[in-house]
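Below are two complexes that have chain A in common, paired first with chain B and then with chain C.
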Partner chain A sequence: MTLSEKIQQLKTHKVYGRYYGVGLLVMLAFLFWAFFKILTPDNFGSWEALSYYLQYSIIYSVGACGVYFIVTMGLFDFSIGANVVLSSIVGVILSKTFGYPGLIIGCVITGIIIGILNGFIYVKLKIPSMIVTVGLMLIYESLAYFVAKGEKQSLASDLRGLGVAPGNIIVSAIMFVLAYLILKYTKMGTYAHAIGSNENMAKNMGVNINKYKVLGFVTQHFFVGVMAILAVSYGTSMTAVTEMSSMARNFTPLMGCFFGVAFRKYCSPIVAIVIGEFIISIIFNGFVALGAPTTIQNLITGAALLIIVALTLRSVKGTVVK
Partner chain B sequence: MDDIILRAENICKSFGITKAVKNVSMSFRRGEIRGLIGENGSGKSTFCSMLCGIHTVDSGRFILDGEELKINSLVEANRKGISIIVQEMGTLPGLTVAENIFLGNEDRFIKCGIKNTAAMNQEADRLLEKYGFRHIRGNSMIDNYTFEDRKLVEIVRATYFDPKILVIDETTTALSQNGREELYKIMKRFREEGRTVIFISHDLSEVIEYTDTISVLRDGELIDTVDSDKVNEDDLKRLMVGRELKGRYYRTDYGEPVSDDVVLSVEGLTVPGEFEDVSFKLHKGEILGIGGLSDCGMHELGKAIFGASENRRDTVALADGTRINSICDAIKHNIAYTSKDRDNESVILNETIRNNICLPSLDKLAERGILRHKKLDRFAGKYADMIHVKMTGINQFVSSLSGGNKQKVVLARWLGRDFDIIVLDSPTRGIDVKVKADIYTLMYELKKKGKSIILISEEIQELMGMSDRILIMKDGIINGEILRSPDLSEEDFIAKMV
Partner chain C sequence: MILDAAAKALGVELVYVDQNHISEKVTASMETLAAAGCDGVIICNSSSAEMTSVINTANENKIYVAQFFRSINKESNPNEYQLAVSSPYYVGTVHEDEVDNGYQLAQVLAEKGYRKIALMGWEPGDATFLARWEGYKKGVEGWNKEHPNDLVELLEPQYGGTTSDTGRATAEAILSSNPDADALIVAGGGGDPLIGAIQAIEGLGKTGQIGVASTDFLHDLDVQLQKGAITVESGGHFADPLFAFMMVYNAVRGKYEVPTDGFYEIVFPYIFVSSSEDYANFQKYFIDELPYNEEEMKAMADYSFDQLKETAAKLSIEEVMQRHSEK
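Coming up: the complex of A and B.
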């Protein structure tokens, strides 16, 4: 039996087949950890360090869970990073008066408003989502600058509980469970896949496409709003940026989302997102431990993503891939 | 209770300047199976799509059970007791079987916004069991199933809630014989339960056999409604076309010798999992038929000959020994191909007739790398006219053409390339009798000009009527060869196919 045939047998095994996806991801995480651990045993990969890598990764995992809804529908949203910046700044400003409630409500409500705006403008103007969200990103960046009056916004030291364990883990776990429940147990989950699969047919089946696309944007930005809470709590401050600099914050949650999409056949996409982001965090921190420059880190992280997704997706020969 | 369940009164529908349905009035009885036939573009699918809420009615009305029908979507139609099984693929990849069955109707499984997935899967399994489709599971992804199994899921979706009216829109062409039998059983059950079926099909023998009455549409108008047991195929063809169309529209020549010149040689051709060790020779001016059951491997063989299979083994070669290893090789050496999956593999729906026809000929149409539109228009217009494509103009989008005219566009494209060999896979699938006759005439003319044709078909009559020689495939291998003869019968084929 060839290796390919053995893998196929494993995938379809009645017992082990269910754990194929998770098993593969855990194995990849271990392999990357082992690789860097061998290269730099003193600087990398202790239990404490792994806990740190995980806490770093779950910030983006929360955002990636939201992004999954939009990507599944076949849409793009380049305003994720701008949401993080604007929501964080609003949250920090409100926290100065209202403490934790201000932080949480400020971030979440800002995220939801951004989601409503993105969705509404997209369905009304009927312009491709990529273009709509790039335009809105510029607006949100500018708004963040005005709201922050050009100043760095720092979170008070007694309000940083959600940036460390167990606060960040509890919040993240709640969001992961919520994402899982929405995907599996609500119409939103079914319709997101239906719209992404064949929008015309879904429409003919009575799915209100525009409504669920707007809901998709709202759901995504709700999760990104929570990601903003975790990000600013972890980083302790946020500075407004302009000239599309916020786009740099789009890519890590997007990469995690791709893990979810690639592994959907084998396991819950939420599980794949969480482990996928952890793998990215291991790679990133591994290169930091090695002292590699940032450009090399980004190059290797991007390459690792391409390799992992290409190996795991393995489209049938001759299928159209766009 | 009134025997009439549905009345259509003066139904009209236009798409732009095209009047698709003109003042159609019909009545349907309870427990009736009504056949609805007509040429491509006659308005039968448009009529049914208005009934099912897919299109709006411009004027006129439907009266269902004494009440005027006002619906704007398929889901609303379902709620009123009307359902449709569409011609093309009607399930969504990426969803489970249960999700596909209940799509748009999940509310019965939802409480406080939460979907009871387990209950939905259980109900799907119960329905699949009831229909006898035990090999399909509700919690499995639909992607894991074949095209035919997905059609069976569609049948469950369209019928599980016992609609008063079921529309079957040219579904049988997508099913194997087993699948068709399941569908016929459902139709008969509907009739016994006093429900109504509207059955659209181009297979006139099937329509005559399984319906009670047949309505004929032509150019958007109702021509007549007849009793199925009082007509034959020729009568129906005459009503459809508006003139006498002889029952035999295949070739009538027998005994003509085929040239000894071999133009294509296939040796030991294999695509693992599809077919194995196929060898044959194609001669100049020959129509070589390849037939069998739908999953015998013949469709994949057609692709492999054209170089469109990824893991093909062994050879396809021209007379001079040139190997055909890819689609580019095939086209470069004047081999053409029309796929069974017309809409996805043969035409670009969102492109004009002109661009579709010119596409493989752009290299010879370009002048120093520049394409001149007038030249493309002339080129495409010439071949579209040669083959009588029914169109408003060369810049009409292919998506708005009927199935038969789409097929003509495909053939026009290859005529423009002046092919020597063409592989025609199910060229008359889903096409009305008049266009079929046109295609058969074209095939014979091409044969006379020395072009060689490989005709792959699931229709035995078509193979018998058009081929010089027929190879029968079974389970991926060649199981027999039959020469053209007026004494051939279907039994000769079936013995080797099954």
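Coming up: the complex of A and C.
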């Protein structure tokens, strides 16, 4: 039996098959950890350090869980970063009067409103999601600037509990469970996959495509709103940016989301997102421990992501890849 | 604010254009201002290469132009430099000595007893960061030369972007990778990376143990200094554009003749703050009231260039305290 056949047998095994994806991801995380630990044993990968890597990665994992709903429908959204900036600024401003409720409600409600706007404008204008969200990103960035009055917004020191353990871990865990439940047990989760697989077929089967696309945007931006809570609590300040500068915040959740898409055949995409973001965090910290320049870090991180996803998604010969 | 005060004092109409440090916008902004009929422009460009189109537009439209916070590097941009030298409308530049800024910060850390200094930049290749980095290295080399038995080590830079969350994550990564580092220089990046780094140090329970040096004052710098979260910070150079404004104002009035074999240059000093008392004075003499009042600005407008240059060079907290407490 060849190695390829053995792997195939493992994937379809009654008992082990269900753990194949998780096992592979955990193994990848371990391999990256071991790689850097061997190269720089004294200053990388202790338990305490791993806890910091995890706490940083879960901020993006929460956002990535939301992004998954849109990406799996075959859509793209470039206003994720703008949502983080605008929601954080609204949350911080409200927190000055209402404390934690202001922060949480401000971020979440702003996120939901952005989701509704994105969804409705995309559905009504009938133009590609990429174009709609780029336009809206510019609007949200400008709004954030006006709301913040051009000033840096800092979170009060007594309201930073959701940026450190256990606050950040509890919030993230709740969001992961929620994302899992939505994907597994709601029409939204089922139809998101159906729309992504074949939109026309889903439409012919009676799925209200537009409704679920709007819901997809709302769900995504709800999660991104929560990501904004975690991000501003972790970093403790937020500055409004313009000229598409918020785009830089799109990519880390998007990378985690790609792990979810790549591994969804083998395990829950939510688990894949969480471990995937953790792997990205390990690679980032590993390179810092090695003292490698940022350009090299980005190069290796990008290449590692491509290799992991390519190996996982090895297509059957003749398959059309869009 | 300081420009508005100067414009009000001298009866000048000011128009602001935000170019977001995007090259094509810098070029377009200059053309927009020329079309709007401005007599002079002061500009904070994003790269020296943009100055070719800026100076050409100034020449074509007979508008005087001066740079603030920026200068053209003779070695790396010889063509732009030559164009500036020969232009009858390029008045000159007011800029900070970033190498000296870096040097001073590294020296302060060394003098305060920090021996292993980590470095966090914001963007690889950024010209301002590279100049500051050169200064940090010079500061450490200078210290090591004078103290061969008490050496300071400066680590290679890592880059924390321009947001507080990426700044915090990078600072955490740097400090957990280098547990024996006793100081961190956050080179800049607009303040957010520094806020993140302070949180990272607090999260590690090392506030007051890790020396922190940075550039660009935080709004709560006094609190951070009191907590020991910041050891030394340079900044407060917001009066730099005032001197560029005065240069252009006098060129427009015909008082400063713009040479075609050179240009005017003012190296503007940073303000260094390392105690809450320093900051209280900075707050009082630079924020609550401007470092130059209306009469002083009116008088400044009649200075010769050498007097203007001298005025810029001596600006410090102590100098303003002395000048304003005398009145």
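Quick note on the criterion: the second predicted complex is superposed on the first by the 322 of 322 C-alpha atoms of A that agree within 3 Å, B and C clash if a C-alpha of one lies under 4 Å from a C-alpha of the other, contacts with A are read in each partner's own complex, and residues count from 1 in each chain.
Here, contacts are C-beta pairs under 8 Å (C-beta built on N, C-alpha and C of every residue); 3 or more make two chains touch, one makes a residue touch a chain.
Remember, predicted model here, so these are calculated numbers, not experimental data.
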Which of chain B and chain C A:206 touches, first, second, both or neither: first
First, second, both or neither for A:18, with chain B first and chain C second: neither
Partner chain(s) touched by A:44 [first = chain B, second = chain C, both, neither]: second
Chain B versus chain C as contact partner of A:152, first or second or both or neither: second
Comparing the two partners chain B and chain C, which touches a greater set of residues in chain A: C
First (chain B), second (chain C), both or neither touched by A:124: neither
Which of chain B and chain C A:239 touches, first, second, both or neither: second
Which of chain B and chain C A:265 touches, first, second, both or neither: first
First, second, both or neither for A:187, with chain B first and chain C second: first
Residues of chain A contacting chain B in one complex and chain C in the other: none
Residue ranges of chain C touching chain A (in the complex, touch as defined): 20, 22, 124, 155-156, 158-159, 161, 163-170, 172-174, 176-179, 190-192, 195-196, 199, 203, 219-220
Contact footprint of chain B on chain A as seen in their complex: 181, 184-187, 189-190, 193-194, 196-198, 201-202, 204-207, 265, 317-318
Sites on chain B touched by chain A in the complex: 54, 73-76, 78, 90, 92-95, 99, 103-106, 110, 113-117, 141, 308-311
Chain A residues within the chain C interface of the complex: 40, 43-44, 46, 48-49, 52, 56, 59, 152, 154, 160, 163-164, 231-232, 234-239, 242-243, 248-249, 284-285, 288-289, 291, 293-295
